[in-house]
Structure formats: C-alpha cells, structure tokens
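In structure tokens below, several structures.
Below, chain A partners chain B and then partners chain C, in two separate complexes.
Now for the complex of A and B:
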C-alpha cells in the first residue's frame, strides 16, 4: 500500500485509539488537515517548491506510523546529545512519546510542558484556540499531514514581561525499535509581550534504522519580545527530516532562527516569517556542512507586510563528496511595507566534483522606498591563502579546515549561548575532520 | 488602395469564408482566421517552399497541438485565442502620404525627440521620399559590399530557396520545434525573417540591420531569424527600431537562432518599442520570443537588449556555451510603465571548460507595471573553471509597480565561480533635489538618473543606437513622476 493511502486510512484509528477527544476543536482541525493532505498528496519534483528535492526514495519505504517506544533508554544514552554544561529546561521525547523521567519541565513563571496536555486541559483551551494551527494551515501538504497527526510535542507558553533565565532544550529521539518509522512532532511556542526566551531543538536517531521526521513548529512572538531558536541537525545518514517552522511577529519584536545542518539523508527546512506590525526584526542564519550523499534544502520566506521592518538572512554551505545543497530564499515586500530593509546572502563552497548546489534567491518587491539586496556566490577555497598557510608550516588539511571554518564563522558568531557556540564549533571541526587545536 | 481595417476584414471573413480555397493564388493578402494543417501547408505553398520545409512545418504544428500554453511566467494577460488569428498576411501597403504634414503629429513629436532625420522620418511614416539621398540606393551600396565579402544576408524565405543546404543544416538546431509552446507555433507558421551567413574568417564591415533589408516593410508577426557565423568571423546584428511601431498584430512569437562556430563572435542588439497599450492598459502587443545562441570553441555571443515596448514581454535570450573557452554575455534594460508587464532574463548554460558569462540586467518600473528578471546559470559537471557574474538591479518609481527577481543558480562542478547580486532601490529624493537645485526640472533629472543607472548596458549598444535608445528611455518614462 502506498504511504499516502496508509496514512489516510490509519487516521481514524489514530484518533480513536489515541483516546483523543473527538468533540474538540482540534478534532475538526485534524479532520480538515487530513482531507487537505489527501487532496494534495506528497510533494513531487513537479512542484516548483520541490524542484530540487525528491522524497520518492523515502516514500517507497514501509514506514511505521505508530512506533513502539523503547522504555530502557536512560540518561547515559542521550547524554552526549544534550548541552549539559548549562542549566536548562529539557523536554525529551522518545519515539514521539514524552519521557517525564528524563525531562525537566516547569509551570512556575512560564509553561514549558507538552502539547498533549495543552490540547486536552481546559486551562489552555484559549491559547490552543487562539494559536494552534493558525499559521501552519493551508501552507503545504507536509504541514497538513503533521497537523492531522498532531499528538505530542513541546508546548512553550511565556507570559508577559518574563525573561526565561534558562534555555529550553527540545530533544526528539528515535530508538529504532522498528526498522523504518515516521515521526510527526508538533511544537507550539507563544511568547508574550516584552518576554525573552532561547530554545534549542534537536532530532536524533539512536540506531541505524531509517527515520523520517515531519516536524512542524509554530512560533508567536508578541510586541517587543525576543526569541532565539536554534536547530541542530546532526543526525545519522539514514535519518531524514522535513521541518516546517512558521514565525508570526508583532511590532518591535526580534526573532532569530538559526539552522545548523551537519548530517542526515535528506534535510528539508521550510522557514517562514510573517510580520504583523512595524519595526520588526527577523534574523535567519544557517550553515550546512555536508558530505557523502547527503542532501539539504533550505527554503525560506520573509513576508514584509508593514513599514519599517528589517530582515537579515545569512546562509552558508560547504559541500563535499556527492552531497547536494539547495537554497531558495524568498523575500516579499508588499506595497504597504515602505522603508523595509531586507538583506539576504548565500555563500557556498563546493569541495568535490560530485557535489552540487542549486540556489534561487528570489525577491518580489511591490514598494518603492525600500532597501533590498541579495547576493549569492558559489566558489572554492582561495589557492593563494592555502599556499600562504602551507608555507608557514600548517598542513594542507588543517589549513583547508581553518579556511572553511573562517568561512562559516560569521554564522557561528551569531550564537548567543556560549556553551552552544562551543558545541557548534566542535561539530563543525568534527565535520571538517580536523582537530582545530584551539577553543573558541 | 484603401486602408484595409480589421473591421473590414472581419466583415469579409464572416461573409466570405473559404470562398477562395487555399491553393489558388488569391488576391486577398490575408488568410482566413484559424490554424490547422491546411493553413500550414498553404503558408508553405505561398512561399513556394520545397517539400522538406513543408514537412518540417507540419511536424512542428503537430508538436504544437500537443502542447499547452505556459503560465509559469510572472505575467497576467488574457490568453490569445489561437484560432482567432490569421496566420498569413502579406505586408499591407499603407497609403503613401505627400508630405510630413499629413502624419500624426504625436508621431512626429516622438521622432523629433528621438532625433531622427527628416528623411528617416518620412521613410518611417511612409511618406514618399523624393530627395536624391534615397535610402534604397544606400542599401544597394551596402548590398554590394556584403556580396564582395561573401556574406549572405537575405529574407529567410529566399534563403530557403537559394541556400537550402545551410538552412536545412542549422534551422531548428538551437531552438528545436519541441522547445516550447511559442517556438513550436513559430516553427509551424513563421512568415518570414532574416537569414545571415558570415563565411570563414570574414569580419562583417558594417552593422547588419533589418533596416537595410529592402522590400521588407513592417515586422512580421512570426519572425524567424537565423544567424550563422562561420569559423573566425565577426558580425554585429541589429534588430528592431527605436521608432514607435504601431503594429496591428497583437501576438508576436519570434524565434532567433544564433550559431557561433569556432573562434567566431556574434553581437546581437535589440531595441524593442512596440505598442505598449494605452495608459489604462488596454491593447498593446504580446511579445513572446525565444532567442538562443550556441557557442563553439573560443567563440562569443553577446546579447544586448533595450525593451521599452509591448504590453507583455516574455523573453529570455540565452547562450549555450558548448565549446571550451567560449563567452556569453547578456546586457539588458527593461523599462515598464503604465500597465506593462515584462518577464525577461537569460539562461547561461555552461558545458565547456573555461567558459565565462556575464549578466547585467537593469529593470526600471513605473506606473502600475510589473518587471521581473528570471535567469538561469547552469554549470555542468564537465565545465571546469566556469565563471559567471550576474548583476540585476531594479529601480522602482512610485508605489504601485513591482520588481521581482527569480534567479536560478545550479552548479555541478567544484571549480565553478559564480557571483550573483541584486539590488532594488528608488530614485533618491536627495539626488532629485540636487538636480532641481541646479535648475534641472524633475522630469529631466529622472531621465538623467535613469540613464546613469542604465549606462553599463547602453554602452554596449552600437553608437547610433545608443543615442536613440537613451532618448527612448526618457520618452518611455514620460509622465511617470507625480
């Protein structure tokens, strides 16, 4: 049976067996979503938005939709994936199921808990009704699919005037009890006026089995709030992810989403920013370092709708072996959005002959008093710089790594959590296959 | 002969449909509307074409029938009904006028602004020229020079008769019949166009232009151009005219094929100023053009275009850089005003080693117009050391227009070096103020700034053209400041 039919036919069972409330609002949202998915199906290469990325090889697999969870997973198994040299709230999901034993949640100043309880408890009804699936709906078929199978994920609700002192880590593990699984985590983040929060998200496969994660995150940023969201994608070579992140911003807020793609079979990121007020700043940063036959596809959209807003986008890519990269950055400046300042840059380095990059920086501008620019480059390392370093006794491999490291450093510099910065630096060094020999 | 208006034609067709049949040599100079195999055969017969050509057209027609009209471009228009068009019309003889006084004063004003000489004005507005300096005799002299050099320059219909071996060898090789909807349509029904062949080692001593191709009044609706530059030759080719062309045809689907063999160079310049529709966006020409060039070893193709006319433009002059060390260039200015829409750009396909391409695209949008740049830079896996530089700048005037860029960049070779940059801005109020302060009125100041903005492209045009094109930009933007 095809995966699409399997998904559609198991929808009823999913709602009934899962003990989900069939009278709720959420039920009608789910039903609508599965209808939309059934109509649209999985994206194919014929869709302009999926021109360079094909999910075909994954969809052929017999993916298990409701994996059984491995209860034997302990702290030692997941320790290395946590950033544990800082205090933080943690939300640990194992095979899509929340693990309260390993997690550290709170309800004190703010809510850092799970979506399943938010969807069912009357206390959160208003928040769910106001926010859940308001930006993700009618966007793309993968997001619709996730909505239909929404059950679990992170729920973060920060009230007004709250500075969350500790970063929040969201970790999704798959243990590979089944050979091939599909996971659909769903996160909802609401940040109130004048509040500040930092979130780190990671998906990790603990086995060598195949996983396909179809994740959706909705982030609502209210007036003058500041949100930093870090995504670490350093998964195994058999793991794929389709990640859709939607951000809605109110006036004077600052939202930054950082994407670090270092590993995975197919990585597809849909990152979209929608503005609902003036003087908004949106930051999009990304770095991709891939080798082997890995594939990364970064699709971004910044929709400028109001005057006096800014967006800064910086994506860097280093592609080795037979890896392929896609960058599609869309910036829309609507007629009302005068005095917009939109900047976009995409730099790529191809290290080997089999590597490939497809870039499409796209500007659509309907307002005249704006400052918009984009730049895109594809090139290789500067031979003379390499020679200079070699002539001073630095081996070629290290010299190369240093130059590549310097190339990606602009993006790494934007990380505001020092411990995370160290971790990312180490990951970059690991991916470049060298020990840099210095701490940054 | 009285002026034959479209209303007359319509009436005639409604009443007299199919009266003449297709094969007789009829006096009427238009075919009944509609398109089918018989019409294609009839066009071929009319041109007295050999059988292989008829077959070629029919094949294209069959391909076209299977195709769908593309709608991916960033333009909105009412799709033409292809069964509502007459696919053949001999150049209609316009009534000869006795003096310039009888010409539409609006037209004369434009001529004056463009700085076109009196003789030229008369020629363009169909006034009988009776002075000694006859443009025809000038053209004859040119023809003689070309003949001495062995350069073939003639209507493509004549070339099919006189040089079938060349036409057969190259026609449809760069833009195949299957390429796209409009290319297939053009292949089936093209009426005429230019054919140009530069022999080995010859540098064409003058700018070749359709202007000197005598007996060719008016622009064909489905033009087909084929330019072949043999090894080590050079040619500069001009197409179009800066003078406003009040063309009755609404749909234009031309195909241009350029072939630059080893060490050859082709420079192809276009100035297009067809009727853009009135200020409310009514009427205007649809311009759907397929232009492509093939570069063999060490050769170079350079496209330069100034696009100010047409209601809808859909045009991507491209270069296939097949040979090693070949070079492709694209310089473009697209100006849109009122309700014009332009979706234009280029494709640079790098296949050979050490190939280079440069793309400079400038878009100016005013009024309610939409101006898009759509381009592709493709570096194939074998294209070692390929180099591309692209720059697209947009200038927006007013708050109702739009500027868009859709660049596609695909690199499959690690030695590729690609740079792409795009900016969008408006004319600075400080710049305008500076000009005003020095006694330059706003309209002049804008022209000045736009000219500066487009300088990089204007510089690439042949001299005479550049001067006229500069003025053309001013005229196109007239009244856009408010």
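Now for the complex of A and C:
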C-alpha cells in the first residue's frame, strides 16, 4: 500500500482510538485536514514550490506511523543534545510521546506543557479554539497531514506582561525501535502582550534507522511581544524533516526565527511570517553547512500587509561534496504596506564542484513608498585569501575553516543566548572539521 | 641564508622567470627593481610558495633546505614572510584574531605551546606602537575598508609580530604617502638585525632612501640583468630602465 493510502486509511482508526477526548471542533479540523491531504497528496517536483526537493525516496519506504515509545531512554542518552549549561524548561518527546520524567514543565507564570493536554482540557479550550490551526490551515499538504494526525507536541502559552526568564527547549527524539518511522509533532506557541520568550527546538534521531519528521509550529506574537525561536537541525544522515513554521505578529512585536541546518538527509523548511499590525519587525536568519549528498531547502515568506513594518532576512549556505541547497525567499509587500523596509540577503559558498545551490529571491511589491532590497551571491572560497593566510603560517585546512567561519559569523552573531551561541559555534567547527583555538 | 639557483617558473605554461640567481646573507638588504611585467611579483610569490606557479627548473634554498615541496605555511614556519602588494580583505576576522592564529600556528609547528593571552596582548600592543597603529584598528576586520597606507602598515605589523628570518616586501611603497612611507620604513629598519634579511621589491628608488639596500638587482624579462650597490638605484632613477634592455 502506498504511504498516502496508508495514512488516509489509518486516519479513522487514529480518530477512534487516539485516546484523546477531543471536542467536536478539533475533530472537524482534523477531518477537514485529512480530506484536503487526500485531495492534494504529497508534494511532487511538479509543484513549483517543490521543484528542487523530492520526497519520493522517503515516501517509498514502509514508514511506521504510530511507533511505540522506548521507555528505557534516560537522561544520559539525551544529555548531549540539550543545552546543558543554562537553566531552562524542557519538553522531551520520545518517539512522539511526551516523557514527563525527563522534562521540566511549568504552569506557574506561564504554561510550558504539552499539546495533548491543551487539546483535551476545558481550561485551554478557548486558546485552542482561538489559535489552533488558524495559520496552518489551507497552506500546504504536509501541514494538512500534520493537522490530521495532531496528537502531541509543545504547548507554550505566555500570558501578557510576562518575561519568561528561562529559555524553553523542545526536543523530539526518535529511538529507531522501528526500522522506518514518520513522526508528526505539532507545536502551538501563544505569546501575550509585552511578553518575551526564547525557544530552542531540536529533532534528533538516536539510531541509524530512517526517520521522516513532518513538524508544524504555529506562533502567535501579540502586541509588543518578543519571540526568539532557534531551530537546530543537526540530525543523522538517515533523518529527514519537513518543518512548517508559521508566525503571526501583532503591532510593534518582534519575532526572530533562526535556522541552523548542519545535518540530515533531506531538510525542508517552510517559514512564513504574517503581519497583523504596524511597526512589526520580523527577523529570519539561517545558516546551512552540508556535505555528502545532504539536501536543504529553505522556503521563506514574509507577508507585509500593514505600513511601517520591517523584515530582515539573512541566509548563508556552505555546500561541500554533492550536497544541494535551495533558497526561495518570497517577500510580499501589499499596497497598504507603505514605508515597509524589507531586506533579504542570501550568500552561498560551494566548496566542491559537485555541490549545487538553487537560489530564488522573489519580491512582489505593490506599495510605492518602500525600501526593499535583496542580494544573492554564489561563490567559491577565495584562493587569494587562502594563499594570504597560508603565507602567514596558517595551514590551508585551518585557513579554509577560518574563512568559512568568518563567512557565517554574522548569522551566529545574532544568537542572543550566549551558551547557545557557544554550542552553535562548536557545531559549526565540528561540521567544518576543525578545532579553532578562539571564538569569533 | 637564501639561495636562488637558476630559478625557472611558469604559470599556465607561460614562462615568467627564466633563470634567476640570488644569494642573500643574514643582515643584508637586497632591492629588486625592474619595470612592470619583469617578474618581480612572480619571484616573491614563488619564494613564498604560491601553488599556481610551477617551478620548472632550479631551486630555492633557505638555510640549506630546498623549499620546493613545502606549502606556503611551512615556508612561513621556516621564517619566510611576504608582505603583499595587494593585501587581501578578510571580512569577519579581526586583525587581532588573525595574528593570534598565525602566531600560534607557527608555534605549534615548532612544537611550542600557545602563547598565553596576556603575553600575546602585550606583544600586539608593543608592535602596534612601533608602527604607530591605533588600538581601535586591531579589532577591525582584516584589511576590510582599510586605506592603502593602513593595509601596508598592517602588513609590517604582522611582520613585526612574526619576526621572520627573510622578509620580502613586495611594492610596499605603492599607495603610500610620504608620512606613511616613513613610518613603514622606520618599522622595517627597527626590525632589521644581523640575523635576518630583507628583500625590497620596488619600482621606484623612493623607498630606498629610507630602507637603504646593500645590493640592488635589476630584473628584466625574467632575468637579473644587472646587479650593483645602492648607487645603481640612483642611476635607474635618472636613466630609467631602457638602457639595460
């Protein structure tokens, strides 16, 4: 049976024995979503938005849809994937199931807990009704599929005027109890007026088996709120992810999403920002460092709908061996969105002849009093710079790494959590295969 | 110290150096002069080990060791320093971090421990003062947005830090006004000792008023066509190069 049929036919069983006492509203959202998915199916290369990214090889596999969780996983197994040297709230999911023993949740000043409880408890009904699947709906078939099978994920609800002192870490582990699995985590983040929260998200395969993660995150940022969301994608060579992250912002809010793609088989990021007010700032930062036959596809959208807003987008890519990258950055400035400042930059270095990047800046501007710019470069390592550094005694390998480090530096500089910055710097050094004796 | 014997080198199958012979002893300053395209910069690049150039015949010997198989960084570790005519801009790497890395890589190659941060800082300040370099300048990205004079001063600053045995100054005077020229020349003179040697590559005699050579060689069409004392530089300034062709 093909995966699509398997998913559609599993849906009823899932609805019936999901174990969730859902109200009819969520039921109907899910039913509608599976219908949409059935109609649209998985994206193929015929879709313009998926021209350079094929899921075909993954969809041929006999992916398990409801893996059983590995209860033997302990702190020692996951420790290295946590940012350990900071106080934080943690939400740990093992094979799609929440692990309360390893997690550190709260309901004190804010809710840092799980979506399964939000979907079923009357206390959260209003929030779920107001926010759940309001931006993700009718978007793309992968998001529809996730909605249909929504069961578990992070639920973060920050009331107004709350500065969340500790960052929140969301970690999704796959243990490989089954040879090939599909996971569909779903996160809902609501940040009230004047509040501030920092979130770090990571998906990690602990085995050598195949994992396809189809993740959806909806983020709502109210007036003057500040959200920093960091995505660490440093998974194994047999792990793939389709990540759809949707952000809706109210006036004077600042939302930043940082995406670090260092490992995985196929990585597809759909990142979309929608404005609902004036004086909004949206920041999109990304750095991809890939080798082998790894593939990353960053599809971004910033929809400027109101005047006096700004967006800053900076994506950098370093591609070695036969790795491939896609950057598709769409910026829409609607007619009403006068005085918009929208900046987009995408710089790439191809280290080997076999590497490839497809870059497509896409600006659609309907307002006439705006400042919009985009820049895209694709280059190789500067040989004259290498010789210059070598002539000062820096070996070629270190010289290369130093140049690549410097190339990615402005993206790393934007990290606001020092411990995370150190971790990302180390991951970059690891991925470039060097140990640098200093920090940039 | 440095012996260049019958050196032939080409790039993309085009022969640029056609049999160069040079013998440089510790404590000496040699000037290499010549018109554009005579091979001056090629000679310095070949000695520093730039890979694009192929040595087709002859050899470069430093303190008895043939450098032929050595990478540029290995040559640097053995004490060769090339001050670039056009120093490369490296955004994102500060002057301080760059020189720290260079010093520590050199030390590593010699089996030494990394220089403690405190000593490094002291050394950097001392050498920056020697070249009259503003401290603020040290935390800027290497050569990025530097004026011509700043770039050249930064080259000599790095030379001062690395303390090479043989320094090759490739057209260090180009793009310098007279004040910057004096500062750079003064820096070079202070670094000169009986144990190290300097090759000054220049088009004009101007720099040689400040860095006085023991020997002057004229390079033309890939060969040294005339050698002499410092008075040869004055003669060239007066007559040009045509009489030598």
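In this section, the second predicted complex is superposed on the first by the 435 of 440 C-alpha atoms of A that agree within 3 Å, B and C clash if a C-alpha of one lies under 4 Å from a C-alpha of the other, contacts with A are read in each partner's own complex, and residues count from 1 in each chain.
We adopt the following convention: a residue touches a chain if its C-beta (ideal position, glycine included) is under 8 Å from a C-beta of that chain, and two chains touch if they have at least 3 such contacts.
It should be emphasised that the depicted structure is a prediction, and the values quoted were computed from it without experimental measurement.
With chain A as the common reference for superposition, the partners chain B and chain C occupy compatible, non-clashing space. Residue contacts after overlaying the shared chain place A:54 against neither chain B nor chain C.
Of the two partner chains placed by the overlay, only chain C lies in contact with A:403; chain B stays clear of it.
Of the two partners, chain B and chain C, it is B that touches more residues of chain A. Legend: residue contacts after superposition of the two complexes on their common chain; A:373 is shown touching chain B, with no touch to chain C.
Of the two partner chains placed by superposition, only chain C is touched by A:391; chain B is not.
In the superposition on chain A, A:341 makes contact with neither chain B nor chain C.
The minimum CA-CA separation between chain B and chain C in the overlaid arrangement is 15 Å, rounded to the whole angstrom. Note for the complex: chain C touches chain A at residues 48-51, 71-73, 75-77, 81-82, 84, 87-93, 97-98, 100-106, 109, 114, 158, 162.
Contacts from chain B toward chain A in the complex involve residues 72, 379, 381, 394, 396-426.
Residues 48, 335, 338, 348, 350-353, 355-380 of chain A touch chain B in their complex. In the complex of the two chains, the chain A residues touching chain C come out as 382, 384-385, 387-396, 398-399, 402-403, 405-407, 409-410, 436-438, 440.
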